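Next come two complexes, and both contain chain A; in the first it sits with chain B, in the second with chain C.
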Partner chain A sequence: MRVVLEHLTKKFGDVAAVNELDLEMRAGEFVALLGPSGCGKTTTLLMIAGIYRPTSGAIIFGDQRVDHLHPKDRGIGMVFQSYALYPHMTVAENIGFPLELRSSVSKAERDKRVREAAALVQVAELLDRRPAQLSGGQQQRVALARALVKRPDILLLDEPLSNLDARLRHEMRGEIKRLQKEVGITSIFVTHDQLEALTMADRVAVMRDGRLQAYATPAELYAKPANRFVAGFIGSPPMNFLDAELAARNGSVVAKIDNLEIPLAHPPATTADTRAATLGVRPEHLAILPPGQGDANAEVYVVEPMGREQIVDVQVGPRRLRAIAPPGFAARIGERVGLRFAPEQIHLFDPSSGDRIA
Partner chain B sequence: MARIEEIALPRERQATAWWRFNATALLFLGPAMALVLVFFIAPVVITFVMSFTDLATSTGLSNWQWIGPENYQRMFRSQFWLTILGNTFVYVAVVLAFNVIVGLGIALLSVHVEAKAGGLFRSLWLLPRISPSVVYALMWTWAAASPPFGMINYVVEPFGVEPRYWIQSDPWLIVILINGFVGASFGMLIFTSAIKAIPEDLFRAAQVDGASALHVIRRITLPLIKWPILFVLVYQTMSLFASYEYIYLTTNGGPGLYATETWSLWAFHTALSNYYGNLDFAYGAAMAAILVLMGLGISVVMLRLFRFGQLVAEPRVEV
Partner chain C sequence: MATAVIARAPGRSRWPSLVPYAVLLLATVPILVLYLWLFYSSFFPRIEGFRPVGDFTIDNWRFLWDPQSVPQLRNRPPIIPLTINTFVFATMTSLISLLVSSMAGYAFSRLRFRGRRVFLGGVLLLHSFPSVTLLIALFVVLRFLGLYDKLVGVILVQTAFALPFGIWIMKGFFDNIPWDLEMSALVDGAGRLRTWWRIMLPLVKPGLLALGVLLFVEGWNQFLLPFVFMPSGSQQTLSTLVRGILGEGRFVDYGLLTAVGLYYIAPILVLFVLAQDQLMRIYAGGVKG
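And now, the complex of A and B:
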């Protein structure tokens, strides 16, 4: 089922937690609401769930406006950050609780569906346990089963992985993504972790201070971030930013940073003589070369080997940039190197508005 | 690694080792143990011992004698002991039900409304608890005063209720209301904090799962505050058995002979405040001793019934 948010606003007192949010999710899509804490992503989710009432704006499921409906009448399943399993009920009772409240579902039918849902998330052998007797990952699965057992139209997940340890998080990331595609249910999940959003979602809505910053596929967000905030938030290690000035040189455009001149493959469309810009380049698009080669001379500040790659911080004049080098790269602190900016991979942002200009 | 008990020591050193090992514990527990001994154990022992004497104002404090179980025989020969026992159980059971049900009701209602309004509502219910007992009881005697006075008469008369002197005509109603209105706030406080300690997400999850407000209360709230409910039940039963001050200040056990006299009030009247002027300390002590035994018996039964051991061992709400 398709979900549309129109000018959705939620104010707490004078503070707008969510401000004029417009978002459309296609049927069967897996959408992430991504942003730092306090950006309004959980407030948005709770409005979609019907737990918070919007101050203004509309929430539409399919063709029906639902923002006046009680949570139970919206056809949603939800997994909470804390899992919110009922501690006094067994796993089977927890999963069966949403069905227990529906008189149309018989006891036999309920048992059958509880077992199906439990099998789907692989907790069939835990049905008699209490939540306190389960590991975090198992609780997570039970919460998923409880959300799915009533066959909702929309699945909402609030920070589903943040209470799991790193290994389990990786495992559940894949499982939730696969489950979502298997069930084919429109799903919205909230996360502050850009890696989770990129790996799991079909499309990611990046939010900041209650406003939508970007809404695109993970690949688009990464390759063409809409503004400086998105560019800095997505990607690890984060993008390098440099204050630059654009200038014409022999029929093409270069970015001038002090006495460096970096050629641009995709200069901005506007052709003012000189223009200030923020230049952004991801660490993997900075190549470390022998001294004297490339666009700039640099000095190795620190090297962090990560196994598959190494993160190398280099000092260029007064600035420090982060680059990624292959595992074989050997350099000592203080060593001189050359640095090359991949011209195809340079992002330019307006220094005042932060919007992408090229 | 060997545990402390397994380390063999020469016999003469074992005693000093025991002291050294336990001295700190005794030092810290000592003051509390002394207080318990002086204020809890000693009065019970003195009461039991005294109940086998004829100590009264008529015998004087020095001329008393041991009279064996005569006080007990006298008590159960009294034509009123069954009435008083019955009164006691009615009083405890009805006031307990009032306290727990009303306390739970206020707690549930006041946490489901707007926070400030709920807080104000709860503060109102605390007023009887924070006013001095005598003032509170006096206000009730005025409210229940005989016609043409009495606030209760003014309030209920428009509904077609004949004005009356409530303390005379319906003494039990007054006894239950005066104790109930002050007692409900105890459960209210405990239940409110217990409900507020339940993680908000559980209520949200239940809403999403399709539960109505009543479902949430029955299937989520009540099971999760089971332990505070049982605590209030047991605690209030014990306090009600021993309490008599509001009855004393309103009906004083009347009207007539022992109509609203409870066991603790009977003991108080006999030993410390009787009409004849002969304060029968020993006889009252025998009554109090029976009260202690009743209290002990009921607490054992309740703790068994509610499987207290399991209850405290059960894991609490975890997130």
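And now, the complex of A and C:
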């Protein structure tokens, strides 16, 4: 089912936790609400769930406006960050609870659907246990089964992976993504982890201070971030930023950083003579070369081998930049190297507004 | 080798744990001695000073099977109906208080309504209000309602006095339950009432049991209210009977008093032994799987 948020606003006192949010999710889409803590992503999710009432704006499921409806009448299933399993009920009772509240579902039908849902998330052998006897990953699966058992139109997940350890998180990431596609249910999940958002979602809505910063596919967000905040938030290690001045040189445009001049493959459309800009470049688009080659001379500050690659911090004049080098790269701290900016992969942002200019 | 090590370990740790037991024992000894004295004395015809004298007898206990032969009880209702009255009084006050305070405690813990703070403050104020000062006002109210000299009336008064404490205790237990559980129940399709009944109430069961025991004991021990508001006898409780034995004439039959006193406290002792685990939890409420 399609979900549309129109000018959605939630104020707590004078503070707007969510401010004029416009968002549209297509039927069957998996959308991530991504942002740092306090950005309003969970508030948005709780408004969609019907637990918070919006201060203004509209929430539309399909063609129906639902913001006046109770949570139980919205056709949603939800997985909470804490899983919120009922401690006094068995796994089977937990999963069956949403159906217990529907007089239209008979006891036999309920048992059947509980077993189906349990099998879907592979907890069929745990039905008689209590939540306290389950591992974190198992609790997560039970919470998913409970959210799905009443066959909701929309699945909401609040930080579904944050309570799991790193290895399990990776496993559940894939699991939830597969499950979402298998069931084909429109799903919205909240996360502060950009990696989770990029790996799981079809589209990612990046939020900050209650406002939408960008809404695009993971690939678009990564390749063409809409503003400096998004550029810095998405990607690990994060993008390097430099204050630069744009200037014309022999019919093309370069970015001047002190005495460095970096050629630009995609200069901004505006043709003012000179203008200030924030230049952004991802670590993997900085190549480390022998000394004297490339756009700039640099000195190795520190090297962090990561196995598949190495993260190399280099000092360029007063600035420190982060680059990625192949595993074979061997350099000692203090060694002189050359640095090349990939001209196709340079991002430019307006220094005051932070908006992308090229 | 291994067994020696295992055997020594608990031996070493036993000494420090004995200290709290010793302190507790020291504090409990006077009470224990008095209970034992009470039990022992009830089987002797006379008590001189603190010393029971005469031959072993069960004469003091004959109020159980032959109350008419006990002069102090001749003009009083029989002991069994009095016991039933006391039981009804304690049970009803604790049940009604439990029901009201678990609902009110939930509302105070979870709902935001106008006047909530004022109401909470008022409840606390009522709790610190000595009930004696209200006796005359309550007398007027009970008379007006036609509940004076009726068990129902005293039950209502006792319940009202018990509620502030109950509401605060239950609010504390509900406060400890994570909001997520409640939101989850709402999303799963439960309304407020069902959430309270199916999710919240089972999770505060330790609190309910502990509070229930405390309220029952309070009701069982209550003397002032039944004494003042049920003067005519047939609906009286055991506490007024004990007081009657104590206060009748110049001569107090201590032998009879010990026996009736023991009979009166026995159910409470049994209840405490059965419920001590629950009572320990009243200050440690929370959700445990």
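Criterion: the second predicted complex is superposed on the first by the 358 of 358 C-alpha atoms of A that agree within 3 Å, B and C clash if a C-alpha of one lies under 4 Å from a C-alpha of the other, contacts with A are read in each partner's own complex, and residues count from 1 in each chain.
Rule of thumb we're sticking to: contacts are C-beta pairs under 8 Å (C-beta built on N, C-alpha and C of every residue); 3 or more make two chains touch, one makes a residue touch a chain.
Keep in mind it's a predicted model, so treat the numbers as computed, not measured.
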With everything superposed onto chain A, say whether chain B and chain C fit together or clash. clash
Please indicate which partner A:336 is in contact with in the superposed arrangement: first for chain B, second for chain C, both, or neither. neither
Check whether A:49 is in contact with chain B, with chain C, with both or with neither, and answer first, second, both or neither. both
Name the residues of chain A shared by its contacts with chain B and its contacts with chain C. 46, 49-51, 70-72, 76-78, 80-82, 84, 86-88, 97-98, 101-102, 130-132, 146, 150
Going by the contact rule at the top, pick out the chain C residues touching chain A in the complex. 178, 180-181, 183-191, 194, 198-199, 202-203, 205, 287-289
List the residues on chain B that touch chain A in their complex, please. 199, 201-202, 204-212, 215, 219-220, 223-224, 226, 315, 317-319
Under the definition above, what is the set of chain A residues touching chain B in their complex? 46, 49-51, 70-72, 76-78, 80-84, 86-88, 97-98, 101-102, 130-132, 146, 150
Note: in the complex, chain A contacts chain C through residues 46, 49-51, 70-72, 76-78, 80-82, 84, 86-88, 97-98, 101-102, 130-133, 146, 150, 156
